[in-house]
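After the structure tokens below, expect a handful of questions from me.
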Amino acid sequence: MHSPKPQAAPGIPAVPLTIEGSSVLHQMLRFDWTAWRALEAGERNRITSDAERTLQQLERRREGGSALYSMLGHKGDLMLVHFRNSFDELKSAELQLSALGLWDFVAFDDSYLSVVELGLYDSSVKTYQSLAERGIAAHTPEWDAAIKEVLERQREAMRERLYPQIPDARYLCFYPMDRKRDEQKNFYTLPIEERQRQMHEHGMVGRRYAGEVKQIITGSIGFDDWEWGVDLFGDDPLVFKRLIYEMRFDQVSAVYALFGSFYVGLRVPAARIASVL
Amino acid sequence: MHSPKPQAAPGIPAVPLTIEGSSVLHQMLRFDWTAWRALEAGERNRITSDAERTLQQLERRREGGSALYSMLGHKGDLMLVHFRNSFDELKSAELQLSALGLWDFVAFDDSYLSVVELGLYDSSVKTYQSLAERGIAAHTPEWDAAIKEVLERQREAMRERLYPQIPDARYLCFYPMDRKRDEQKNFYTLPIEERQRQMHEHGMVGRRYAGEVKQIITGSIGFDDWEWGVDLFGDDPLVFKRLIYEMRFDQVSAVYALFGSFYVGLRVPAARIASVL
Amino acid sequence: MHSPKPQAAPGIPAVPLTIEGSSVLHQMLRFDWTAWRALEAGERNRITSDAERTLQQLERRREGGSALYSMLGHKGDLMLVHFRNSFDELKSAELQLSALGLWDFVAFDDSYLSVVELGLYDSSVKTYQSLAERGIAAHTPEWDAAIKEVLERQREAMRERLYPQIPDARYLCFYPMDRKRDEQKNFYTLPIEERQRQMHEHGMVGRRYAGEVKQIITGSIGFDDWEWGVDLFGDDPLVFKRLIYEMRFDQVSAVYALFGSFYVGLRVPAARIASVL
Amino acid sequence: MHSPKPQAAPGIPAVPLTIEGSSVLHQMLRFDWTAWRALEAGERNRITSDAERTLQQLERRREGGSALYSMLGHKGDLMLVHFRNSFDELKSAELQLSALGLWDFVAFDDSYLSVVELGLYDSSVKTYQSLAERGIAAHTPEWDAAIKEVLERQREAMRERLYPQIPDARYLCFYPMDRKRDEQKNFYTLPIEERQRQMHEHGMVGRRYAGEVKQIITGSIGFDDWEWGVDLFGDDPLVFKRLIYEMRFDQVSAVYALFGSFYVGLRVPAARIASVL
Amino acid sequence: MHSPKPQAAPGIPAVPLTIEGSSVLHQMLRFDWTAWRALEAGERNRITSDAERTLQQLERRREGGSALYSMLGHKGDLMLVHFRNSFDELKSAELQLSALGLWDFVAFDDSYLSVVELGLYDSSVKTYQSLAERGIAAHTPEWDAAIKEVLERQREAMRERLYPQIPDARYLCFYPMDRKRDEQKNFYTLPIEERQRQMHEHGMVGRRYAGEVKQIITGSIGFDDWEWGVDLFGDDPLVFKRLIYEMRFDQVSAVYALFGSFYVGLRVPAARIASVL
């Protein structure tokens, strides 16, 4: 009746090191076309110009930025993606937009709150093993200092991936996902070395698509209802399908991945917002 | 506690080859009858004529096209199905329709975004085995070239099935589906040869219904919330039930199929839209 | 990792023979009382009389018919049940009703689309075994002819049960259901002889309630989101509970049944519709 | 692949005897505060007085009755509980209330339809065993007569518990529940003697809280979406938590119970309805 | 087919002792921006000032209090958290707020009702063992008296943790959770000593974050749809993610935790409510 304790090499923590960057908010918006078209053309133009101006400011921010997408299907008319340096800045973006006249015609169907995350499985296993070999027990001050140093080094090295600009690609595919914790197939009770192996295999597939798709992984444990959010940026949406289908046969996806809804949008530069209103 | 790695003949990839064609959007619409009937008859006629004219254009496109269905039950009043050459063209169709006066009375209850897909299980296994026998490792340039050639040859041979016209049948049945990834019954960890065998058995059933039902399979991994969408076109809806019930006893359906909602509609030629408004 | 193939006597198909009759639509309606009571009494009377007249026509049809129920609880105010000879006729009923003034105050909370179905498990096993003994392989022309003859004979013999009149009973209980396809308990992979045995045992319980409850089974594979819909008609609703509770201990229900929502209504003859508005 | 037949002593039916009493309807209501406050004070007073008068009549019924609760949280503003002698009387209560002016400001978020039920596990096992020992087979006329006599005797003895008055307690906790029918843990395939043992153990816990909580069990198989509804009445809501938490460790709850939403309300005598509007 | 009885040392009850404190209500609110902005500025100011005044009173209560948060994402615009001495006081807070003019623009998307709870696993096991060793059987008067004394002593010692002030931290993360009762992994059938061990391990992780995050656990069995609600208060939201991610590898979380939605908000002192309206 007892569940076996997760097993790993003694002294090796189960939790992989991760580093975090930009705070990210996805907003899926439905538009009230009936009310919008009931407005006089002049009023519509004025409201559109206001929205265009504000969105251009958000789009052109030096650090982080925002991007607008026109969505396919009924899950929303528009999607806004915001990359910022903090949740406070995300809240500012939300409030700045909610002051727009255009927001009188907008309802929120969904959203996703997360932070750019790099999971350092390779580095974690190497570091944990090395510290264990040196006889340094986990969570001792010496161990904490060594870990802190690894994290700082990685944050420095990965700075650009942690605080990315939103790619200019024509298409975006966004979806949230979990790792399963089922009765027999539980990712969180696998030894860290096994998880590292599976994540590595998974990464190898992604690498073959690197030229066609730009992928940004964000972590959302404690922030939203799934554990991770995945953004794929590319000019040919078929590549999204091929990449995700191929990955579905990886062990870590085939056995341990749970997926939420998939959202697909076409990039609309703020300067062309009138074309979708 | 470790999950066994998917097993297949060594050197045989797990991912079947697939080829894709038309981009497809299903839109399920609810109609606001109360507001519609509150209009004066002349206004209703004008709006209906506008909608009829636009829908006829979409219906008569040379490549791809659109079709209107009147749905049975509460899942929607109307269903529109669009076949196009790209997601950009689907977005254009959405925007063109949203400019119609009729759209002031329309709300979207559901939709489905996918692309026509042919899964080449037989061809994949044959090709993978032949390349393995010739000692050509997966994902090497030589392997990639051989695969590319197979795909191009198949795309050419299957051109008409990849870019189909919407059949004229009186009834449509649409439903999305997944293959299960449960703890013990996981389609994605079966060896490709076993999946090929099951899909072949499944196809044999479909073939017996070929004269009565036209089936179009679309893939939606990365595009929507299920892995595939299935459209059945036929003049007698009872045949949909018999076909799907018989297939439910196939191993690949009995054990591995998960189904979403089923949508049934009667074809309404654009010229007769007034009869359902 | 391979799933065992469903086992049955060799040459015995897994799919039971079924015969179908009336097309059936259940509509669950919510009524906008606030808007309704805001009307002048004269207008309400006029709209009620119109609805009464139309519903009486539908109620009195020679073949099939419609019945109105006043629902208990929040799942809807009214339920309409339509029995017709085809889906086209069901669509006509929907459109005829949607032209009523009363329909301005109606919203659809749910619906169910299905056809009267008799599953011929006993006859299937006998026929399949007899054909196998005679060495006639499944799906050969000779086999097809023999099956066709059985189906036609049964359709003739069961004509009244396939095209029933809606019983006059005061209460209706409607619910949809599935047979489970779980990892270990999968109805669709049981041998047909075992399914026959379980369905027979199940039928024996129903028979003890025959005098108090009239049951109509409809099939909805390919038409709606569950596999079957069950209508129970009776004058004492307690009998619904006793029957369904007793059946829940049958093997086919205890182990293999999945139930949707239960809807309970009191019959309202069209002539008395004013009493519930 | 076959599922083992439920096992019990031979000749012992699996279904426990149950007796039923009052018909019960729970209604969870959301109130439109904005529209309500837009009324003039005089109009609000008039509508409130009407509602108070009607609710007082319902509250004071000799047999059965109704009670109003002010709910905590977003699941509703008010909850009404009706105990009646039949579903017809429940429908009358619904219609009588829907004629109130106050009902223009009310929407129904949820409801529950059930009947007071006493499950006679102890008596069932004893009776079934005694009849089996006397060689009387189940469902023979002699068996039916013996069972009928047991049921009538119990109905007489339990009359007050079958047709209870709504307790005056300040707090109500209502929740629906099921017994699990999972692949390995299936309450409905346990032998009746084992179910009796578990229910007895469960009842022993309840008994220790008898002075602080009054519990009424209603059955809803065939009437609503769960198998049972549980009402707990008490003056200290903490006792609800302690009782239910302690019971969660009972075998029948720990292993076999599935719970729906929990609703908590404070009793509002009809005469004080103005205090919550 | 029988489920094994939960096993523990003989005479040791399965239920851990718990003590309860403040009654807690979380309210997630959506704001109708369109209607709000349609008001004249003077009217908006008047309504805002009224709301500010009332919220300040609630915020400054000596015992318990209320706090306002501006939420990130679409799950709500605002979240209110109320700590009180009873459910009656929570109801008063609800009614006091519903009288505000601001409440005309508010709809409730979600809520959570619970009480501050401290689970005394260590103390329970020690007490139960000691009583068992002294031969005192559970639920005897002597046993009851001993338990009562332990509970009273703990309530006294933990008084401040049972009736906490809402921390001033800039960020709040709230989520509900359950312990799993699956077929093979069932927390409620583990021996209490094993649950104690797992909870202790779990607590050790929390302790390492004590300086950065203040955690308040509330119990909601019998009150709301999950078993517990967790509030994390901190100035850096990244710490929420790190803490919860690390805990997800604990046995009690990895194997036995089920999580609901996660809600994240930024504290808005009542005096600054105008900044988010």
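Letters A, B, C, D and E mark the chains as written, and numbering starts fresh at 1 in each.
Keep in mind that, in the parts below, contacts are C-beta pairs under 8 Å (C-beta built on N, C-alpha and C of every residue); 3 or more make two chains touch, one makes a residue touch a chain.
None of the values given here were measured: they were computed from a predicted structure.
*Asks:* Using the touch definition from the top, list the chains contacting both chain D and chain E.
*Replies:* none
*Asks:* Along the graph of touching chains, what's the shortest path length in steps from chain C to chain E?
*Replies:* Minimum step count, chain C to chain E: 2.
*Asks:* Report, in whole Å, the distance between the mean C-alpha point of chain B and the mean C-alpha point of chain C.
*Replies:* That pair's centroid distance is 28 Å.
*Asks:* Taking each chain's centre as its mean C-alpha position, how far apart are chain B and chain E in Å?
*Replies:* 46
*Asks:* Can you list the residues of chain D that touch 2 or more other chains?
*Replies:* If we look for residues of chain D contacting two or more partner chains, we find 6, 183-184, 189.
*Asks:* How would one label the connectivity among the chains shown: line, ring, star, complete, or other?
*Replies:* Chain contacts: single closed ring, each chain with exactly two partners.
*Asks:* Once the touching pairs are worked out, the chains link into a ring; list them from chain D, going toward chain E first.
*Replies:* D, E, A, B, C
*Asks:* Please give the residue numbers of chain E that touch chain A in the complex, ascending.
*Replies:* 4, 6-7, 33-34, 37, 70, 72-75, 171, 173, 175, 182-185, 189-191, 194, 208, 232, 237-238, 240-241, 243-246, 248-249, 251, 253-255, 257, 260-262, 264, 266, 276
*Asks:* Which residues of chain A touch chain E once you look at their complex with the stated criterion?
*Replies:* Touch list, chain A to chain E: 1-3, 5-6, 14-15, 18, 20, 25, 27-28, 87-88, 90-91, 94-95, 98, 103-104, 108-113, 115, 139, 181, 183-184, 186, 188-189, 219-225.
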